[in-house]
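Down below is the structure, laid out as structure tokens.
Note that the chains take the letters A, B and C in the order they are written out, and that residue 1 is the start of every chain.
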Amino acid sequence: MTMISRPRRLPSASWLLLVPALALLAAILLVPLGQSLLRSLGTPQFTLQHYASLFTDGVTLKILGRTALTAAIVTMVALVLGYPYAYLMTRVGPRTRGILLTIVLIPFWTSVMARNFAWIIILQRGGPVDTFFSFFGIKDAVFYGNVTGVTIAMSQVLLPFMVLPLYSSLGAIDRKLLLAARGLGSPPIVAFWKIYWPLSRGGVVAGLILVFTLSLGFYVTPALLGSPQESLIAQLLATRTTQLLDFAGAGALGMLVLVVTLALVAWANRVGGSVTALGAVATAGTKERA
Amino acid sequence: MSIVKEAAVTQDTPASAEVKRGTEIRLDHVTKDYGLAVPAVDDISLTIEPGEFMTFLGPSGSGKTTTLNLIAGFETLTAGTIALNGTEVGSLPPHKRNLGMLFQNYALFPHLTVAQNVAYPLRERKLPKPEIVRKVAEVLELVQLTGRDDNFPSQLSGGQQQRVALARAIVFDPKVLLLDEPLGALDRNLRASLQAEIRRIHREVGSTFVFVTHDQEEAMNLSDRIALFNAGHLEQVGTPEALYRDPETLFAARFLGDSNVFELDERPHSATTSWHGLTWAVAPHTVAVPRPSLSHYAVVVRPEDVNVTRSASEAPRGTNAVPARVRDVEFMGSYRTLMLEFGTSGVVGRARIDASESQVALGDEVVASWSPERQRIVAA
Amino acid sequence: MTSLDTRALLTASAPPRRGRRRRDRGVDPTPWWLSMTGALVAMYLILPTLFVIPMSFSSSSTFQFPPKNFSLDLYVNFFTKPVWLTSLGNSVLVAILAAILATVVGTAAAVGLDRLTGRVAGLMRTLLMVSIVTPGIVIAVAVYASFLQWHLTGSLLGYVLAHAALGVPFVLVSVTSALGGFDPALLRASASLGASPLRSFVRVTMPLISRGIVTGAIFAFVTSFDEVVIALFLRAPTFQTLPVQMYNSVTVEIDPTISAASSLIVVAVTIIFLVPQLVGTRKKNR
């Protein structure tokens, strides 16, 4: 029988409901980004110099490289910590799973400043970490003011973006396959490598891309926990704008970062499915990723 | 066939809530096209009498639900008109049509209690509070759910929920009640008892009921008349008995009840016809009217009209006969069903015989026969 | 979900990385090393932030940890020093207004999108979610440049608009989720009973999606309240939000009042998010 599941309604009324949201987003996001784009291409007249100089000024590429490297390290840390965590989530009962999920989302919803300040306390000279290591005779274990501290802090808040896609993918793997492999004589490590890992690859790749992409845009954490000598791309963008007042150059750099980000997210979408990428992001909620 | 109902009115009845009579629903060349290969509803014309219990019967996708939705106003007409008591309603939005409706999944408001659900339409009509309370109590008593006022739908069983939905749909005295396969989600026993409820309420309330189902037993059980839908158009309209006894097409013969089907080469012109070398008598009034779109014809006989005997000589006089072989015997309790293969044609059919007849066995060669009065020639 | 009803079978057959351990017991229990790893990761996730709490009871003017004395000075500071109080007030005001705007606009969009299908509708939905995947710094820089032109920097309106735009996707996801569980037949029933589309929306749709709306509003509020990057760019001497003040207290002048502020925020947000979960209404994760 024909099922018309939506009550008859003027389609135009539904479109009208979208207008306020679209108008707000256009005004706050699309227009400024558009203006930025135009500025980057048209100052003083149509030119590609601002984009070209990104590659020639010697600074941008170096910082981009450093940012990418940091992002890569953060991504690896997130994978190493996130994989067992996600796997654990598939093994426990529903209530524990819910608790684990809540826990992994907590740093997310915790105030950016509170979190970073906490890391400052912990990682500073004379702080708990330093004290702990000097107990073992390791001096100067100060991770505040360098890339290590930044990495530690970023991994904490980006973990959910690894755990959620992973959990989604791992949850779909039937563990009986592994039992079957064992039954056929494989040792556990081989069973894992040959069966479990390949089946989890989709989630792993989606998680990797997502965490990497989000790491690129971090601002507050590197600004507070890093050092100016080791600044990342977001800080460069900020100084270009507020100190150098180079709006065109900043616009060009911003566009570059934006394009790279969108391309990577689209890729993650395709690999892990839109449920994984955007769903993980939106459900968890990205607040201020910095 | 509305003997028991109040007299139908043909002039415009004022749409006042107190008048407990049915509305006449007239569908005139109603068409609904979704832009697909075939229209969902194709040029349907039908008049539903005031106070009648009309069932739209048909397989999935036949257009019966779409037609109901057109009457309700949830779909817009591609062509044709729908008139309630003479007033065209094609452009009227559903909330202004004053029709009651029952849905298969009850559609009770989960955040409201039973009493609040039932009171909903009365609140929309801005009735004074004491009157709302009175009418709610009245109608809950009618559906035998008194005392459940403060329960939430989730606390009730399926049957109870459907009765609340029924109460809600009639509390504002609509003159038409549309029922969209309301019993589909219920188990057999519950269906039977709710069918009885619905019939009873129809008699008490007297509104026009339009009931959609794909269950032919249910249709025959409940209805004053049945409109049989097939692929978007009306195959046949009539009382259950008329449809059962005198189907006009093969589709109708097959959809309602069981049929033995013998395909013919052409429409019988004279008093006889032939099938696979056999000559059969044809009673003229049993031949269906030709249909422009159907060019083939068949003889159909109901299993209960088929006699089974050991030889042609034992067959009753004046009957049409065909040799058959018994392929299967099913014991159904009060009767047996024989699966027969007729002649050497490979055509298979059924005959119904008394349970006490123990003579016929698997593999037997028998003769199946029936009176020409009991056979129908239908278009196919 | 994987079914783990392997009663008679050996357990723990596929360790992800480390050693292995067999248990002969009936149902497939979690290996100890896995639970421990999970617990360690969980601690890494939660514990560090908690350091701000004992820190907030310090009396010193540095960030030294562990704090020497126990005092409530920092809390007093937080609620009396004008620079902290006004920034708190501004944050609350902006967050409330931004949440309201995001909720109204986002709910309307969710309801509208719920009825629409087709590629254009899908495109609209993606567009409305864009701010989630765009790096905050890129948005901040662009918005700053444009707001300078439009004279919106350092203004309440500017903050509210920017934060509302960030909050819309959360409201959209939350309300869409609530609408997903909504039975469309209910609206038909409501219409058949005489309620106009508007009345049906008010009497039927809204009550049933109210939980989703409230959840979305809370997300939008918290998003605005904690937002740092755009706030840093839009700030003016006359108008700044709490996160900005906290940022200053680490970078410009060391002010340990930030510990008190942090503790309060951590506790408040925890309550906001955990209480509904404990009360039993599990937020649906999709």
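Just so we're on the same page, a contact is a pair of C-beta atoms (placed from the backbone, for glycine too) under 8 Å apart; a residue touches a chain by one contact, two chains touch by 3 or more.
Being a predicted model, the structure only gives us computed values, none of them experimental.
Among the remaining chains, B is positioned farthest from chain C, on the basis of C-alpha centroids. Just count the C-beta contacts per chain pair and the biggest one is A-C. Centre-to-centre separation of chain A and chain C, using mean CA positions: 16 Å. Centroid to centroid, with C-alpha atoms defining each point, chain A and chain B lie 60 Å apart. Separating the CA-averaged centres of chain B and chain C is a span of 55 Å.
For chain C, residues that reach two or more other chains under the stated contact definition are 188, 191, 197. Listed for chain B are residues 73-74, 93-94, each touching two or more other chains. Shown for chain A are the residues that touch two or more other chains, namely 7. Chain A makes touch with chain C in their complex at residues 5-7, 9, 11, 14-18, 20-22, 24-25, 27-29, 31-33, 35-36, 39, 81-85, 87-92, 98, 100-104, 106-107, 109-122, 124, 126-128, 156, 159, 171-176, 178-179, 181-182, 188-189, 191-192, 195-196, 213-214, 216-217, 219-220, 223-224, 234, 237-238, 241-242, 247, 250-251, 254, 257-258, 261-262, 265, 275, 278-279, 281-283, 285-290.
Residues 72-74, 93-96, 98-101, 103, 105, 107-111, 120-121, 124-125, 165, 168-169, 172, 178 of chain B are the ones that touch chain C when the two sit in their complex.
Interface residues of chain C, counted against chain B in their complex, comprise 183, 185-186, 188-197, 199-200, 203-204, 207-208. Considering their complex, residues 1-4, 6, 9-10, 12-17, 20, 28, 30, 34-35, 37-38, 41-42, 44-46, 48-52, 55, 63-66, 101, 104-106, 108-109, 111-113, 115-116, 124, 127-147, 149, 161-162, 164-165, 168-170, 172-173, 184, 187-188, 191, 197, 219, 222-223, 225-229, 233, 243, 246-247, 250-251, 258-259, 261-263, 265-266, 269-270, 273-274, 277, 282, 285-286 of chain C touch chain A.
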